[in-house]
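In the two assemblies presented below, subunit A is common to both, partnered first by subunit B and then by subunit C.
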Partner chain A sequence: MRNQPGVARLSNPPGGMSLRQFFQWLSGAAVAMIPLYFIIAIVATLVYASGFQNFGWSFFSTNWNPNPNDPSVAAYGWFDFAVGSAITSAIALALAMVLSLGLAVCIVSFLPPFLSRLAAPVTDMLAGIPSVVYGIWGYVILAPYFSKVIDPWMVGTLGFLPGFNATPTQYAGGVGLILAIFILTIMVVPITTALVRDSLRSIPKELEEAGLALGATRWETMRRVKIPFIQRSIFSAGLLGFGRAIGETVAVFMVIGNEVTLPTSIFGGSTTMATLLVSQMDSAFTYPLLLKALVEIALVLMVISLSVNAIGLRLLGRKTVTGPGGIE
Partner chain B sequence: MSGSVNRPAFAPASVADDLSARGFGRATRRILFDKWIGRLLPLLFIVVVFPILDMIWWIAQNALPTMTWSTLTTPLYGDVGGLYGAILGTTYLAGLALAICGVLGIFGGMYTAEYASPRTATFARLFGNILAGTPAIVIGYTGYFLLVLYTGWGTSIAAGAITLSVFMLPWVFRTTDLAFLSVPPTLREASLGLGATHRQYLFRVGFPVAFPRILTGIFIALAIGVGETAPLIFTAGWQLAPATSLTQGTSYLTGLIWTYFDEPANLGHLLALSFQAAFILFVIVIGLNVVVQIIGARYRRRLKGLFA
Partner chain C sequence: MTNAQTAQGTQDDLSGGTIRRKSSMMSKGAAAGLAIVLLIVGLAGGVVVGKYVLSSSSSGGGSSAVTSITETGSSLIFPAMSLWGPGFSKLYPNVNVTPQSTGSGTGQSSAEAGTVDIGGTDVWLNTTTATQDTLLNFPSAISAQLIFYNLPGVSSSTHLNLNGTVIAMIYSGAITKWNDPLIQAANPGVSLPSNTIVPIHRSDGSGDTGMFSSMCELSWSGWTFGHGTTIQWIASSPSYNGNGGMVTGLSNTQYGIAYIGISYLSQASAAGLGYAALGDNLANSATGGTDAANYVLPTSQNIAYDANLGLQYLAPPSLAVSLILGGDVVGTTNGPTIYPGEGGTNPTVAYPTPYPDVNLEYLLIQEHPKDLSHQKYVVQFLEWILSYGQTSQYLSAVNFLPLTPAIIGYDMNSLQLVSVSN
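== the complex of A and B ==
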């Protein structure tokens, strides 16, 4: 029956199951657990195809030198790309969280009802736009604009900060970390906004009413009552957004510049773990050891997203999360 | 004074005027702050609205001038032609993937909502949501090893569609689950109380009520399947001629953008073509999203009617 406490379960009479009921249960539970099978299949395949026997602990280093001609000097350490992933996802997530907190607060408390009903679907629609469309928009339209306007301006005003200094040749193409961060931020905002917004809406009405009745303004009720109440959900929205940002491949690949070195500044090209999986795949078709290294990086990516999502979902404590199109 | 007594204390504008007129320092500051933050926060929507409008503007400007009816009906050959092969490929891939994940997702979600024990249901939902958050490129790698190499199919529509269906499955799964959970309990009690078996309830009462919401899940999954690139790069292959069988590779709309987005200017036709593909994708995805919103709104109204 319906899985709520207190509702009688009609399909399982007391006194255990008959054999027929047991098989019914087995086949049904098998259907319900299909996502689990897929997750197991993904992890098992990646473990099987990865190169941990070949690389051992040298995989955990900054030494990336895929030299197919001389396997003895070849090295496959993934830390450089972890740095690229961490920079892009962490900065993009920080920006996205600030924006989406503001947006969610605004949608829930400050917009008139007809506007807030309209605002939610528009934000959700952004989440549904294909990443390859973001990518071509970023590469063809935004990259020239960044190289001509945004990057020189940022070097001029923020150039004294470490990581913000670059020569014009370094940002000539316009592609690079800063553009990737910009695109990622826009792609993560709708997801985190939807999560925070739904958490804010799920707060018991009495709390808000009590705050307002005690004379607090809307902002004070939000700041002192509602946001502390959903702290955990906000944290979990951040985790889920991080999982999305670190796994994003296509759009980031198109705008990040794909240089397999550590970036010297925020305007330079770089590589994330996810984009490396795509950019190196062509040579990996011919060099089995490189392919194994890539599969191991894919496995790391899978483990990161698995744990981040699992923790985030447990903290969220709701049955489901909002997806593209605003369906719950 | 008497004018403001009957007004609720949290109606900010008028109270602020009152208080400032009477020189309440701190209270005025608080209320004015509230008023201004309510005016400034909506400016954040520029961040959301600007990308959409900018994207629509530039993509339309690059795609529409050279777009004709023949763009949709001629296949690409070398660097001349249109999008017919890609549209056909996307239709095959997304259609086949939707058929697979639709069946699995609807039955899985139905079981989770209606039969599973609370513990099974909790875990099923958790794994569904985790699968929805799995990076698409990782699913693509798995598809490459399992379906392209291990089964020996090579890069083909079949391998691409199955890989894609794994990515689409959680959306159908969890919407179906929620659709059945959102059926009013009064309906269930009425039908079971009138002597219906659980299965009769499920197919004669629950399913018809939940159907619009299940449909929104299917449309969302379709929008995701049409727009996704990463699971297909290594599994669906690449073949310009329109596909004729499931064992062939194919071109597809997202793959076309992916392949030609950095073409040099002397092959401007291919760049225009990828903008046209982006435009079509945009229209399909936004269209599906709008349909989903409309169905969802009507569904909520209908549920309200059922409760009344």
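== the complex of A and C ==
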């Protein structure tokens, strides 16, 4: 912070500043705040659109009954969808973190240089594939395969575990939580891998050299020195990956089965908060209460995503990188 | 992001980097300047473009300029509209039609807000709202819904006999097996498996769900889920997105049953799915009726017959009507209602049995729009739909059926209500 020229100039405008410099500072500040205006505008207008509708405690229940003919029995509890979001995002993230830690470690330290020069951009490219492509791939190619091969096999071998049992009708279509988790994992891996990889690369060379000089193998150095060194970055990569997963909509929408129920099995269908907004949006235009409920659920989703991302970015920024070895 | 952070962090610690810092300061100033310039150019451009768009739309409707009729709404109406538009423009080259496939809900809300000329919807706008907003429900074609099933061991050329009561019970979980006595009684000679029925529903809000839930509600008093484009379902019912998704989902789900629009008949048949002959509520073994003649297939004749039956309940001037089970006064939701004309109610008259799961595709238009001179093109277009638009050249391609002459008569009358000026 202390030596950063831009920040220093922006934070103390008056001292010996010409009028021109002052306006430069002012317009710079205005431009810099544009993203903030957007966030405020989005939240404010959505809150307005929700009409401050109070659904009471049933809003947090499992009772989803958008029946528009009888407002007295209508209920908009989104607990089922929160569970759907939590299960898909959390498991996908856990899998993605394991995968991306391995990938990043290999790319940075263990692959021959030409392979690592190839692997890094290819991983990044995965992030550039439009999510609808993942969705259609999952729906057209993977879903039949999951229903005929993967799901029966997993139920057969892991069926004794809670949540891993299912009747054939539950996975008949192949779409469901497990496929959504699989697709989400692939979508999150590039992000977490890039973050972990960059932190690994930013570790001062001296640390590694010190480890090796003490007689540790490269693997021991990685495990005992480098990975503990970037713990915080790994955690923030996880948070940012979670933010990506919980907000992902189209691909998940196409493969999750969209069942409005509390999931009983990993092979059954479910709905996430994000996919609910897509599937119910058109109906909501004719049912005002449903529209307000969806707007409020969207706000909840936004708050979750924003806070997860904010914490993740903040941790990433506070990285304890020292020395010139940090630049790649 | 990470790289930028890293670079910044390192800069912090480069105590001797004065020159470098200066140059980065200059480039930062330049970047900020550039950003401001771009912002101003962008804003100015936006204002200019916005002004142009606004002025061109308000001056629209002149005789020399090309007028655009806008339509948004039901994805079921969209294919028909995409054929009707160019067909109309052949006769009226100075008018073009721009349809959008958004959804019935969007069609209704856009028509109410007046942001489009025509809102397409599978479910009529209820009479109260239509009257308040002086909107007209304008039936433009007839469609039907089929009940498909994936039943291994039963040939897809065998049409199971089902009716609204049995279907509502299946979707409520009151009937769970294919060889349930109620189903077996209506299908003598068919060997039904003892497997569990998997009732499949639409996950997205849709007019098909609206039709289907209406049929269930009107057929069986035990139906507790009401009707609407999105409703509550039993937990054991999987769901798929769109009619196409229903076809795929059902073909992947053995012993499943699903409601699918008639437009998808060829796709579903290609996937080896069978569809049911539907009966009215008297053809219900629960009430003692097992007359096989009361179960009918969705032929154009049976569908048109249902539509004509429904006409007697049509509610002018809004033209809102449910054709489910041969018609119901709009807004009536009280249990099963038997209407005169349905097969078997009057044994002395040999009425044919109507196919019960039939719907009108509605176009919503403003009765008293702001721009009266523009509205005359909209009325011209609707008149064209009632005449040329009903020919098989347009409707067969999308599996809609032409309106019956009686409905066309109602439509022509209601068009008289629309304010236009030359």
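Everything that follows uses one rule, which is that the second predicted complex is superposed on the first by the 287 of 328 C-alpha atoms of A that agree within 3 Å, B and C clash if a C-alpha of one lies under 4 Å from a C-alpha of the other, contacts with A are read in each partner's own complex, and residues count from 1 in each chain.
Going forward, a contact is a pair of C-beta atoms (placed from the backbone, for glycine too) under 8 Å apart; a residue touches a chain by one contact, two chains touch by 3 or more.
This one's a predicted model, so the numbers in the text were calculated from it and none came from an experiment.
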Touched partner set for A:T169, first subunit B, second subunit C, both or neither: second
Contacts of A:T45 with subunit B and subunit C, given as first, second, both or neither: first
Partner chain in contact with A:M281 - subunit B first, subunit C second, else both or neither: both
Contact breadth on subunit A, by residue count: subunit C or subunit B: B
Touching partner for A:G159 - first (subunit B), second (subunit C), both, neither: neither
Touched partner set for A:P71, first subunit B, second subunit C, both or neither: neither
Subunit B versus subunit C as contact partner of A:I136, first or second or both or neither: first
Partner chain in contact with A:P228 - subunit B first, subunit C second, else both or neither: neither
Footprint overlap on subunit A, comparing subunit B with subunit C: 1-5, 28, 31, 34, 254, 278, 281, 313, 319, 321, 323-324, 326-328
Touch list for subunit C against partner subunit A, complex: 1-3, 5-14, 21, 24-25, 28-29, 32-33, 35-36, 39, 102-106, 108-109, 123, 196, 198, 203-206, 225-233, 235, 237-241, 248-249, 252-256, 333
Of all residues in subunit A, those that touch subunit C in their complex: 1-6, 9, 24, 27-28, 31, 34, 64-70, 73, 143-144, 147, 169-170, 172-175, 194-195, 198-199, 202, 253-254, 257-262, 269, 271, 278-287, 290, 313, 316-317, 319, 321-324, 326-328
Contacting residues of subunit B [partner subunit A, same complex]: 9-10, 12, 30-31, 33-34, 37-38, 41-42, 44-45, 47-49, 51-52, 54-55, 58-59, 62, 104, 107-108, 111-118, 120-121, 123-139, 141-142, 145-146, 166, 169-171, 173-175, 177-178, 181, 185, 188, 192, 198, 216-217, 219-220, 223-224, 226-230, 233-234, 254, 257-258, 261-262, 271, 274-275, 278, 281-282, 285-286, 288-289, 292-293, 296
Subunit B-touching residues of subunit A, taken from the complex the two chains share: 1-5, 7, 10-11, 25, 28-29, 31-36, 38-39, 41-42, 45-46, 48-49, 99, 102-103, 105-106, 110-111, 115, 119, 121-126, 128-137, 139-141, 186, 189-190, 212-213, 215, 217-220, 240, 243-244, 246-250, 254, 274, 277-278, 281, 294-295, 298, 301-302, 305-306, 308-310, 313-314, 319-321, 323-328
